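Letters are used for the chains, namely A, B and C, taken in the order the chains are written, and counting of residues starts over at 1 for each.
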Amino acid sequence: MTIPAQAITTRRIAKDVLELHVGPQHPGSGHMRFVIRLDGDIMVEVDPDIGFVHRTMEKLAENREWLKAQPLFERMAILDAANVTIGYFLALEKLLDIEPPPRAKYIRTILCEISRIASHLYGFGILGIFLGHSTAYMWFFGDREVFIELAERLTGQRLTYSFFLPGGVRRDIPTGFKDDFEKAARYIEKRLKEYEAIFMNNPVIRVRVEGVGVLTKDMAVRLGVVGPNARASGVKHDIRVEEPYDAYPELDFEVPVYKEGDALARFLQRVDEIRESLKIIRQALKAMPNGPIIHERYLRMYTKVMKEVLETQGRAKIPAAMINLRPPAGEAYARAEAARGEYFYYLVSNGGTKPYRARVVSPSFRNVLLFKYLMPGYRLADFPAIYGSLDYFPPEADR
Amino acid sequence: MGVIATLIDLLMWPPVFYLVIFPGFIFTFVLLIILIWAERKVAGRIQMRYGPLEISPRLAGALQLVADLLRYLTQEIIIPRRADRFPYFIAPIAAFVLGMLPIVAIPFSPHYYPIPMNDSILIAAALTTIPPLLTILAGWASNNKFSVIGGARESYLTAAYEAVILISIASIVLAYSTLDFTKAVMLQEQITWGILLNPIAALAMLVGIMMATSRFPFEIVEAEPEVVMGPYTEYSGIMYGLCMGISYVRMFVYNLIFTLLFLGGWHPAGLISTGSFVVDSILVPGAIVATKAIVLSLVMVFARSVYGRYRIDQALAAGWGFWFVIALLSLVVSIGVKAIIGWRA
Amino acid sequence: MTASKASEVLSRGTIRGKDGALVINTTVEELVNVARELKELGYTHVVSITAIDYPQENKIVLVVHASLYEASDDRPKVVEIRTELNRESPVAPTLTGVWPSAEFQEREAYDHFGIVFDGHPDLRRVLLLEEDFKGVYPLRKDFVVPEEGIEYKEGWGELRG
């Protein structure tokens, strides 16, 4: 089919504009390419060229059984693996018309919050290294290790948990987890104070991020920005509050909202979110209900051996009916709040063992617009500062 | 044999010994290796990691730089097809060698100097202004947009920091009323160290040195997330090794000048006398000056672990708006100091 | 929001029982008008623009999800607009005039399904390379991803000398 005329556009380029390809092999670009047009030191146009890590996940999901999509979708943002896949299971459970038992909901919430904290620390590290502060980079990544080990204690895996099942979770909370968590929480709260001293109140860093990359509330709403980027611009939008799932309706937490919309506000908003996440986990551990960790529809199919494993080791094995899952025909959507923003899953089933269409929209894909509309007018040296503060993750945007 | 004896005699002749072995080429080279290793190790300790440890674990990784150097020497030098060949080659080599050139005017003791000079301060300061030109040349010759942007940044910064450094040197020279390093140190031995006579000039010069040699927070020319490697983007192999060394060599030379002008030079050396000429007049003062310069260099490289990186317009605003004014103020302070010295002497 | 406006919203489509989304089925000609009306009612941004390919029924269904921020009442949080397009040459009007957040989403729909959006300011492929995928739209059902098997050859698994 021929390309119609409206797909080809011409743009007038101003005189004396330097076109810089900040390409994939650039230390400050991540896995994508930017075509930046500079007038002196000021950027006039930024064209994000994404797709370098496109792994065709939506197409691949159509060739795999329903349950096998979890390791697939986890790789969108492996640092935040729990939050990335919880949306898929929420949509799948809506198709199947089941809800996980309360204990499973609380365990899911705990893992999601641990994941969120680890992801925020990663984002801070990237901001630090883009601003040239290698100490901040090393410290944030080193402290992230604490939460990765906490997740390992819970799920057995450091990064790609594959922990959820439709209607429950795969493992129960191990003994001693509460004490481990308290140690980790105390450690990170102490470190957060230190970070504010060395990093955020560092005059050099402060002057690089304050007032840089200001995203007004009007522009944020118009561009459909999600996540901490929107919350730092005054838009109070958090799926955990708007469409609560899992244990969030029963837990008490706040959603920090900042008004300034600059890079500093985005950083501070995420620090506050880490503190709120610690609160959530503490409450969830205290209020943990007893009960099964997997829905009774699948519990009924358990053999004696599987029941024994569940009782003694706390591991839920996967029954055959779950492997050959056949949800009834229909469509369902679900949204979840990951560290970077809102994940949107839309699953279409035609009654078969594989999805007919699995649509996933990641928050980084929705935030790509910001590169095009927020960057022009700032200096070239502000480019890494704004990029780092947006917490943009290219593999997530490309899927 | 006659030839070897002549060569050894030539090498032992003070000017040649000075320029080649101590504190000339070889000493600076070895110092570079130790200094970069110390920077990486200290940065590692602060950042909750080990730093270089793989190469020589029992020496705490001190031979890491030697290994790096060997690797650079055996690496292929890739020359971009459309780079301007002669300037592309000459620029880093000349920058490295000319960066060491001011040592020709810096004495390490009243009896140990390469060339007798009366205006050594003037010559040393003038020679330090040459390497930035070669950096800009490297940026231009590489034929790469990132290199050109890096070279442009260097040209802006050069104007700012050289004004600060040269005015600071001028102000302390005003206080000493002499353009000779030897006389300046002797004056400091009599009265007190330069840093106490005119602390404002010392402070301005310290910040100027950090701006000149890409120490954090002024690592703007080679800012990695912005302009890959600045003017040195297209260099590989041993040329890249040289480019890395340029800013450290310049920093050491600047620190030698700072030591002689502000930190009393070889000051406590006059109090030690063992009777041997070589020890009294060469080794002891030389060791004292070198130690002071090394300590100062370590302090400067330590800033890497603490600071981020300024934006170019913020650094220029700081350089012209604040430190230039401070340097001018130090001129006024120097006039006052000179009046006091003249009145007392 | 007044009761009449809320009921106006609800009357356009049906609420799906499984997830509470408001599903509106419309035609290609009416798409922009429906979008404009939804924007008036407070749905300020697009969440996803995608399509589902039904080769047996010879149609591609364009599915647009729109949502709102900071809602304080019981409006459905997500609105799903479904439009049927011709499979031979799917053309739809662009929604970037109503919702600027649709820009990259429409580019992705063009990239994956070949849907041309009339009036889009910059319609080019966003995730795939034009030179590799000229005229091929991979998320359609007729694009099959070949799966390779590995054939076991004699001598694998033994140490190579």
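Here is the rule we go by: a contact is a pair of C-beta atoms (placed from the backbone, for glycine too) under 8 Å apart; a residue touches a chain by one contact, two chains touch by 3 or more.
According to UniProt, the chain labels map to these proteins: A = NADH-quinone oxidoreductase subunit D; B = NADH-quinone oxidoreductase subunit NuoH; C = NADH-quinone oxidoreductase subunit C.
Note that the structure is a prediction, hence the values are computed from the model and not measured.
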Query raised in the report: Taking mean CA positions as centres, which chain lies farthest from subunit B?
Result: C
Report task. Find me the chain with the mean Cα position closest to the mean of all the protein Cα atoms on display. Result -> A
Requested in this report: Take the average of all CA coordinates in subunit A, do the same for subunit C, and state the distance between these two points in whole angstrom.
Outcome: 22
Report task. Take the average of all CA coordinates in subunit B, do the same for subunit C, and state the distance between these two points in whole angstrom. Result -> 61
Query raised in the report: Roughly how far is subunit A from subunit B, going centre to centre by Cα mean, in whole Å?
Result: 47
Query raised in the report: If you look at subunit C, which of its residues touch at least two other chains?
Result: none
Report task. Note which residues of subunit C are touching subunit A in the complex, please. Result -> 16, 18-19, 21, 44-48, 50, 52-53, 63, 65, 69-71, 77-78, 80, 89, 99-101, 103-105, 108, 110, 112, 114, 116, 118-129, 135, 138-139, 143, 145, 147
Query raised in the report: Which bits of subunit A are touching subunit B when the two form their complex?
Result: 18, 20, 26-28, 41, 128-139, 142, 198, 202, 204-205, 207-208, 379-384
Report summary line: Note: in the complex, subunit A contacts subunit C through residues 1, 4, 6-7, 9, 50-51, 54, 56, 58-60, 63, 91, 94-95, 97, 221-224, 230, 235-237, 242-243, 330-335, 342, 344, 346, 348, 356-357, 359, 361, 365-366, 368-369, 398
Report summary line: Listed in rising order, subunit B residues that touch subunit A in their complex are 43, 46-49, 145-146, 149, 216-217, 219-220, 223-226, 228, 304-314
